[in-house]
Amino acid sequence: METEIEKKRSVCENVISFEFVKVVLKGAGQVMFQNSAITGLLFFAGIFWGAYEEGQGVVAWGALVGVVVSTLTGYLLGLPCKDGSEGLWGFNGILVGCAMLTFLGNTVFTWLALIFCSAMTTWMRTGFNNALGKFKVNSFTFPFVFTTWLFVLASRAMQAMPPEFMSTPELPAIQFSSDINMGFGDLVVYWLKGISQVFLINSWVTGALFLIGLFLCNKWAAIWAGASSAIALFIILVFKGPGTDISNGLYGFSAVLTGIALGMVFYKVNWRSAIWAVIGVVATVFIQAAMNIFFTPLGLPTFTAPFCLATWLFFLPLFKFDVKSEELEDHSTWHGKKN
Amino acid sequence: METEIEKKRSVCENVISFEFVKVVLKGAGQVMFQNSAITGLLFFAGIFWGAYEEGQGVVAWGALVGVVVSTLTGYLLGLPCKDGSEGLWGFNGILVGCAMLTFLGNTVFTWLALIFCSAMTTWMRTGFNNALGKFKVNSFTFPFVFTTWLFVLASRAMQAMPPEFMSTPELPAIQFSSDINMGFGDLVVYWLKGISQVFLINSWVTGALFLIGLFLCNKWAAIWAGASSAIALFIILVFKGPGTDISNGLYGFSAVLTGIALGMVFYKVNWRSAIWAVIGVVATVFIQAAMNIFFTPLGLPTFTAPFCLATWLFFLPLFKFDVKSEELEDHSTWHGKKN
Amino acid sequence: METEIEKKRSVCENVISFEFVKVVLKGAGQVMFQNSAITGLLFFAGIFWGAYEEGQGVVAWGALVGVVVSTLTGYLLGLPCKDGSEGLWGFNGILVGCAMLTFLGNTVFTWLALIFCSAMTTWMRTGFNNALGKFKVNSFTFPFVFTTWLFVLASRAMQAMPPEFMSTPELPAIQFSSDINMGFGDLVVYWLKGISQVFLINSWVTGALFLIGLFLCNKWAAIWAGASSAIALFIILVFKGPGTDISNGLYGFSAVLTGIALGMVFYKVNWRSAIWAVIGVVATVFIQAAMNIFFTPLGLPTFTAPFCLATWLFFLPLFKFDVKSEELEDHSTWHGKKN
């Protein structure tokens, strides 16, 4: 008769194995809610391409370390293996890796902090989900956002982990130009960069690889990612946002995640949920602008906080548009599609 | 046999009718917790008078659009009609209208944002009440405060919706003069402006109209509004606050709402609740000062957040001073007095 | 037959008595989770020594007034006497007293605000515990932190209560030197100051008195306080933090509280909880640095917020490392050791 502990071992014994590679890849996929190793593989391809294209290859390696560390932390803590095997321990860690090496100098201490921070996201996800579950919402990427905020803020007080690539803190002022090239090719580039920036990568090729990765798992995920980045681009152009941010896709990434979450992950795909998702995407653009201004005096990036905030605001009313029957009734968990 | 849907129609069919006008007026009244169309009519009179007196008539029209849009949104979303018919969908929207045209340039895009923002308050009220209900408190005017913060912050990044009348962001410094005229007539003006500023209007006539409106619905509401503005004025004068803010009534409006909420809406009028309300009003003055400083680097107005925060802090201990029997036991809902 | 009211009197009748002196002393002890009058006596000795050593004796008298006012407030409000008799009404008030006279000018109005603020902490503790209890965590010193933030922020807008000893608000910049003396004697001083700063006192003698006070109540409390201050000192030196802050013990005080809370108050002392506590202490150092930067544009001190935040983050996952059987199952209350 199998004991409780033996059962646990049999589920989790695949720590170092081909299975583990799949779990790590799924960690990448789950950033956009896809429980799929193939999707994750294409996401990693996009990250490596974009990082090396920008001359910042170290960002891709940070992503890899982040996802491995946060996944292993889940095993070490003995958290329920189901979450881990679906990549849900890894998606915050991979973003920590991308973010810390995008903004901080590449020192030994930055790497130590990256490892500590990635590990933290795993238990903070458990903690935040405990807390937010009371309101029937999930913590999404907020464990990544919150812990990375702490470490990049701290970097301004720690010379061993310098904030080399962060903006200079300044008071918000209106001095930006909103003039950017508006040719069709330019717009396509901005649109695809809006998708690549989900992983803090500034590359249209990466955006295209991400779209393909999504499509291989679920066509609706690809459709909502594409549509959301386009809607966000339209709104921020019409309201004359800052040109540099627009052309770098910085108004797209949060909107992409809001669109996928509202449009196809937590609601069934139908007209009513589609309208709700479009409204959510539009709201995300204003929230992105507001948070950009809010953090200007600290020179702090918003990361994907606008997505978290927008999605919480649109889930909290607990409206029902034919909630997926295979999902739980509340919005505090997801499991994506099996590959 | 009436079906569920027919019943719903019969309750809500009055969308475009004289009944709807009353609902819109009650939306104005509910800003100060009064379920009364007459009160709302006097509030609107005060808003129009004050807005045109300041040469900013557009603010009054913004208020009208805001309350209509947020009320209609409730019908469109099919929310429970009882709330709507008591004006509870409208009170956040009217404040959005006042605030956005007080602080932003009068452009087409500001109006589009105003409509979007007013509509948002209706489902954010549902969402925030779901969340805050766990702690037995209500969201009060926080849906207005939060969404309008997002849009006025965003305006600094959107040239089509310029932050024309907002303060310049600066680091907090002690450079203000606290010298103001202290004649009896001056003090009466500051006192009445403290009440008019609930709707962001800077006019003693408006303050007087608001007091009359309150008195017509419930004398205790008028008494607490008047007393709270006076107490707040006394405290901020004694602690030598900034002269310009005091003479414009900017230390009064949150205190007025705290006083009404604690003194007569959620507790029975008695000596114990009166003492509690006075302490709450005094706390609101310090919270107002603290939030004014907190937002200085962003040039962001506090709106009625000090009232929300103070009232939450004084409700969370769940003390009972003979809670009104006709009210729910918790503080998460109110229904005001029928007119 | 004893009535309900008589019973209440018999428990609480000791307001002005030797018993009351013990309750006030326990209020000091509970800042570091010790339900012990002897510990509290040594804490007071440390506070008076340190305050007069710095030429700021008024801080010690502020502490005394704060703990007395907040304790009396509990009796006046008729809160459950058990909490009061264990010093749980006083520990926020004593910190309010220390903090307000450390940062604000010594005026009549500062003292009035101190009394109001200390009293507020008692019902805010009830309120915050009601709210945070839903998540099975306690408010710790957050009532002190939150109310004192309000009053020291407000001081910048109130000339009668001037922010004389607060830092000037400025944008975060990297211009600090991390050079400090690193002799063994210097390190011991920094280490002990890290403990004395729990009460905002900058004195190694005070730190030593605090350690003795802890040891007299519970050896593990002294061990964890000492170990946590040492770990925090090591981490911030390795990551090259700002020299002045390090030598004044400003990276120690939050870590000390985190270490005691995680290491011996809420978990049984064992290897697993010890590892968890060490990780929590390391996280507290980064959180301290992050919050220092976050509040730079406001010139606002963090107080013990980094401890509250760290401990919440480490409690929210609700991990169990053989929770003390004599404690409640959740982390929302504590009762310390009887003396």
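Labels A, B and C are assigned to the chains in the order they are written; within every chain, residues are numbered from 1.
Keep in mind that, in the parts below, contacts are C-beta pairs under 8 Å (C-beta built on N, C-alpha and C of every residue); 3 or more make two chains touch, one makes a residue touch a chain.
This is a predicted model, so every value here is computed, not measured.
**Student:** How are the chains arranged in terms of who touches whom: line, ring, star, complete or other?
**Tutor:** complete
**Student:** When the CA atoms of subunit A are placed over those of subunit C, what is the turn angle between 0 and 180 degrees, to the nearest 5?
**Tutor:** 120
**Student:** Subunit B to subunit C: how many Å between their CA centres?
**Tutor:** Measuring from centre to centre gives 36 Å for this pair.
**Student:** Note the residues in subunit C that touch 2 or more other chains, in rising order.
**Tutor:** Each of 134, 171, 297 in subunit C touches at least two other chains.
**Student:** So in the complex, which bits of subunit C are touching subunit A?
**Tutor:** The touching residues are 134-135, 171-174, 176, 178, 236, 238-242, 245, 282-283, 286-287, 289-294, 297, 313-319.
**Student:** Residue numbers of subunit B touching subunit A in their complex, please.
**Tutor:** 77, 109, 113, 116, 120, 123-124, 126-128, 130-131, 134, 149-151, 153-154, 156-163, 169-171, 297-299
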